[in-house]
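Same chain, two partners: chain A is paired with chain B first, then with chain C.
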Partner chain A sequence: MNISPQHRSTRIQIFVYCVLGFHAVVALIAPFLPLMPTDKQDSGAMLQGFSSAHWLGTDALGRDVLSRTLHGGRPSLAIAILATALSAVIGIALGSLAALAGGWVDEALSRLIDFLLALPTLILLLLIASFFGHDPFILIVTLGFMYAAPIARVARASTQVLLARDFVRVARLQGGRGVNILLGEVLPNVWRVVFTEIAMQFTWIILAFSSLSFLGLGASPPTPEWGLMIAEARSYMTINPTAVIAPIVMLASLVLAVQALVDRE
Partner chain B sequence: MNAILQFDHVCVEARDGNGAVTPILDSVDITVEAGEKFGIVGGSGSGKSTLLRIAAGVLSPGLHHTSGNVSTAGVSMLTVAPKVRQQMYGSSVALVAQSLGEALTSHLTVRAHFRDTLGRDVSDETILSSLDDAGLDGAKYLNRYPHQISGGERQRVLLALALVRSPSLLLLDEPTSALDVGIAADVLATIVRLQESRGFALVCVSHDIGVIGRVCDRVAVMSRGRIVEHGATSQVLTSPSDPYTRSLLASIPRLNVRIREPHASEQQPVVVVRDLTVIRSGSSRALDSINVEVGKGEVVGVIGESGSGKSTLLSVICGLIPSTSGSIHNANGFDLTTPLRDRPAAVLSEIQMVFQNPDDSLNPVRTVEQSLARYTHANREEVLAALDAVELSEQFLTRRPSEMSGGEKQRVAIARALLAHPQLLLLDEVTSALDVTVQASVVKMLASVQIATGMSMVIVSHDIALIASFADRLIVLRNGQVVEQGSAGDVIDSPSDPYTQHLVKLAKTNSF
Partner chain C sequence: MQCDGSELAFRDNGMKNFARRALFTIGAFVSLAVLSFLGIDALPGDGCTALLGRFGTEAKIAECRVEHQLNDPVIVRLGSWASDVVQGDLGYSIKRDEQVAQIILPRIRNTAMLALVAAIMAFPTAIAAGLLIGRFPRSRIGKAINTMGVVAMTLPEFVIATVLWLVFSIWIPIFPGVTVVPSNATFMELLPHIWMPALTLASVVFAHSMRTMKAGVTTIQAMPFVESARLRGTKERVTLLRHILPAALPPVVNTIAVDAAWLLTGTFVTEAIFNYRGLGRLTIDAISDRDTAVILPIVLFSLGAYLTMSLIADTVVRLLDPRLRQHRS
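Coming up: the complex of A and B.
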């Protein structure tokens, strides 16, 4: 009979899982792969194209592009995972407490969320990074706070909906109070809704960190990081384009795969 | 005679992502002649709405037509080019879908809806006469948006829209399920009048056999995708041959059949409500100087149409909505206008409430055992005893709401209320979301729980027959005021207030 769109979507899903699996595995085992050291400079082989020694060629300092590309996701992923976790905790706490408290507390917290949303993220990140340097801890905390606002907004809205539901009313009739109801009845359900938003923020945080590196304020040389690699190699793009294309492909495929995954949810 | 709608051994199945196959329609045969009034009755999940949508050529996503032929107005609906089907809509077949809220486009006026259907240059006279036919004073409605008209009026607008291009077949999906009894009766009368004056064929789907009985000449009874019985309406309703039809008919609450014997309560009341007034959103009075007492072991029924304040009354008694003035006290004189968080645990558990919508009553992430024990701190034995009281087996302990039917969820919700050992159980339309057969078994179960525990109950429903079969005393609410109260027998047999007389008369015409 008719070919249902479901079959196509399962195929896309499998592809998405493969891409994500590839990224996860590569990030985890890159140091154990038989690759050249990421910082080994070969002054005799700068800006080379494909060769059996350097599969993706070399960059301006003669470093192996393949090795650097496969290592390049590690700093972004580590920082993005930690920052996303922080923003999820802050966002859910802020949003659900605002909805639970109501009244002026809600009003005040909502304005705080609006304030965070209104901040020009990248400019503020640049400012903080130029003040505090390359400290990853500061970066994680900053990213965590700045990307918490959209999560807080979704958490607040879904908490409000949940608080009006009958099973919450029954809980109140049976002696459940404030935080007890929040933890027992609301949050397990909020989580399902907020998860998509959190995954989206994860992709924005990865892009933000790569952008910072590109601008010279994220990862510092000689760390292999995709944003930084693009920045370093773009001047020689006409001589060895793979040094730019490889990190772009990696970054784009990771971000797209995560977004496609949450689209399915 | 020529058939306007013909189903010939039609089979439809649902396939989910895991490849599981569920039959939705199982070799369905139907023939509807031109100008005939045909009804299809069945519980939820019986396939009746799917059947109706397929008659209009619509197959919902996930459903697959495996065999058989559907012919509507001589056209093979499921194989014809979509363009031809598009042209048939309105001119030869029209479908009025169930959900009133979504059937009209919220940003379009009534006039704009007609222009969408008939083209831009349609004259206001055409629209007015069409609305007039459907029983609406057209001039008042032309410029209104869907949210500015009531449910019954919306249903009439939908009817006018469906009929404006004079189709030869009108398909109606649950035309009255969202309406109050009084309004439903008026809408049904309009449908019958229109059908008789215009002579189109009508196929009406409903869970309510009373609706079908009043509108249709012939009826088919559906259960689990099969037509288990069909024939002339009068014959099927009076001498059903199929066991399912018989159980369906036996489940309908009747005004003069009691499932629990009434007894007068002389003991101290468990709750006393004096001069209770509730003002919500501005100045409208949801409740206006209500005086009610519920005796120990007494079952009080509250009836009234939507907006009469009956659900508000329950919510105020249990403390979910604050009162504006007046007093509520329990047997020991404790002030029940105290906010929930300031009440001692013993007072809290005295009054429990069960809500209308079973899908909303249980936390979707919790198992039955977790839901039952979380706030009541009941141990495994007590939980099992409560499940037993609501006639559910031990297997349900580990189920989640998504794995249960509406009736099962409602039983769990009742069990949870029972575990608090309340003196007063408030039941807000607890059966209205359930199929008739399930509804009957839940009410029977409630009656046996009441007899076993002797707890007091206040039961709110729009279904007078159901309440009359169960309650000792009746309270009739209208616009937030008590218009009549008395023993159930007296109120039903000799209602004194005109509004009560009207409600009882409607309930009588609804049963047969």
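Coming up: the complex of A and C.
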């Protein structure tokens, strides 16, 4: 049987949606599943392999790896979703206003976007996380601003292209106000392009947050979080590799699925 | 588009463009440097609180601040810091009781070596792979390399590093897993410990330039001049290397520049994992110590690396692409 490329790409897409759905469901229902508490330590059963009591074994403190892995996406997902939403709002507002206003406003906003793009992201994140502690609110606001710049750039470019199109000019000639044109004519059409960029930023934010946790500056220790779990379990990798592999598989499948969704060439 | 300017006019124009671009870079650097100084100054804590920590009494911290002139108004300190930096004095870390230059320069050297090895691993192979995958899009090996590159690009470094470590240090012990060399080790002492972090960094950046190259080759292959070369009976190898490669290269230069700057400044996670004593580890240490005297020059270095790389890339692209030499003013 010869499978046509189109067939194949649909099948890959279905698979990608399944992976994303799986992550969403797990993140939502993890607290209601009959799992062990994520912070219950068992000094009699440290670094065990597979068993009927601990399906994926236990970590160095005797905590259940399966339970921690299934809970481990919740902090990253919550922070990434909120931060991405914030960066989408800021980015679209900045970018489309710059394109719509033109002139010196455009010039000023573009320099602001350039400035945000030039910031050394991870250093800044590390600094803020270190000096202001693990406050999720501050983290979300920082991530939201830092990752808004690429969205703003794409929004500005695609708004500019659309503003020259006939249907927008007609709307303008009919006396529509700037904001109405933006919301009614431009945004629905730039949405698709901008959405791709937003999804990209979503993966970057997840990666940034889990890297922060890995370095010990994101989620704080008893919390189950994939980056943190990998950092903790790495030292005992030779004894119980599943404690490292399980969070790696979850994190990898999540970011790869989002990337595959974005990346349909 | 036809070019009718004389050789001299082109040079003149090119120099002028370059000068303007360089001036802009310097201006951007200076203003970002001042902003960084003010931003880091605004953070809670200074050298004295870093040194004395939680155990420092109010009186001791106040005494330390007087000793190191930290009570001066911010403008005065900015001025004296700026004049020091211009004279090549990066400052003094109260926390580490050492000249910042002495702390930071060996680390920059180590990171530069790591970056160089990673760059040699990643960029030439990425260009070659992109060229071949663009030329033979149906090849299975090409597709596999493309997919692997994208996967490596998408995954966080600590995942790649952990997997590489699991495979090459534990299952097949070829490379030492953890680096235990002092920060002033010679290049030959450092070399055995460079491979794993360099491989990690190389696999992160590989796909960027490969994909840019592939996209360029795909576009350019469809252009009339390639077809005309083929119809003239030019050998396929020559078409690929003399016609397609140079035309596809300029955008790749930009990608490589951004990645090279990242290799010099963004390697925190990789260096932390492999315990490699470069700039990235120093950054993390300095940030967790809140040693602002060390953080500031690191921020400046990373700004400088990005600006310089983008200046170099623009210049190289201008040299590579004849169309840009004249029609920009």
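Before moving on, here are some points about what is shown:
Operating definition for what follows: the second predicted complex is superposed on the first by the 260 of 265 C-alpha atoms of A that agree within 3 Å, B and C clash if a C-alpha of one lies under 4 Å from a C-alpha of the other, contacts with A are read in each partner's own complex, and residues count from 1 in each chain.
Rule of thumb we're sticking to: a contact is a pair of C-beta atoms (placed from the backbone, for glycine too) under 8 Å apart; a residue touches a chain by one contact, two chains touch by 3 or more.
Quantities reported herein were computed from a predicted structural model and do not represent experimental measurements.
After superposition on chain A, the partners chain B and chain C are seen to clash.
Residue contacts after overlaying the shared chain place A:256 against chain C, while chain B stays out of touching range.
Of the two partner chains, chain C is the only one that A:237 touches; chain B does not reach it. Once chain A of one complex is fitted onto chain A of the other, the partner contacts of A:188 are limited to chain B, with no touch recorded for chain C.
Taking chain A as the reference chain, the count of touched residues is higher for C when chain B and chain C are set side by side.
Looking at the shared chain after the overlay, A:175 reaches chain B, while chain C stays out of its contact range. With both structures placed on the common chain, the touch criterion links A:32 to neither chain B nor chain C. Once the two complexes are laid over each other on the shared chain, residue contacts for A:104 go to neither chain B nor chain C. Within the superposed three-chain model, A:118 lies in touch with chain C and out of touch with chain B [touch as defined at top].
Note on the superposed arrangement: chain C collides with the chain B stretch 109-117, while the other options among 109-117, 235-243, 271-279 or 343-351 stay free of clashes.
Across the superposed pair, chain B and chain C touch chain A at no common residue.
Interface residues of chain C facing chain A in the complex, by the touch rule stated above, are 28, 32, 40, 43-45, 150-151, 154-159, 162-163, 165-166, 170, 265-266, 268-269, 272-273, 283-284, 287-288, 290, 295, 298-299, 302-303, 306-307.
Those residues of chain B that touch chain A in the complex are listed here as 17, 61-62, 64-66, 318-320, 340-341, 345, 348-349, 351-353, 355, 357, 360-366, 371, 374-376, 413, 416-417, 420. On chain A, the positions that touch chain B within their shared complex are 1-2, 4, 6, 10, 165-167, 169-178, 184-185, 188-189, 192. Residues of chain A that touch chain C in their complex: 118, 120, 122-123, 126-127, 130-131, 203, 207, 210-211, 214-215, 217, 227, 230-231, 234, 237-238, 241, 244, 248, 251-252, 255-256, 259, 263.
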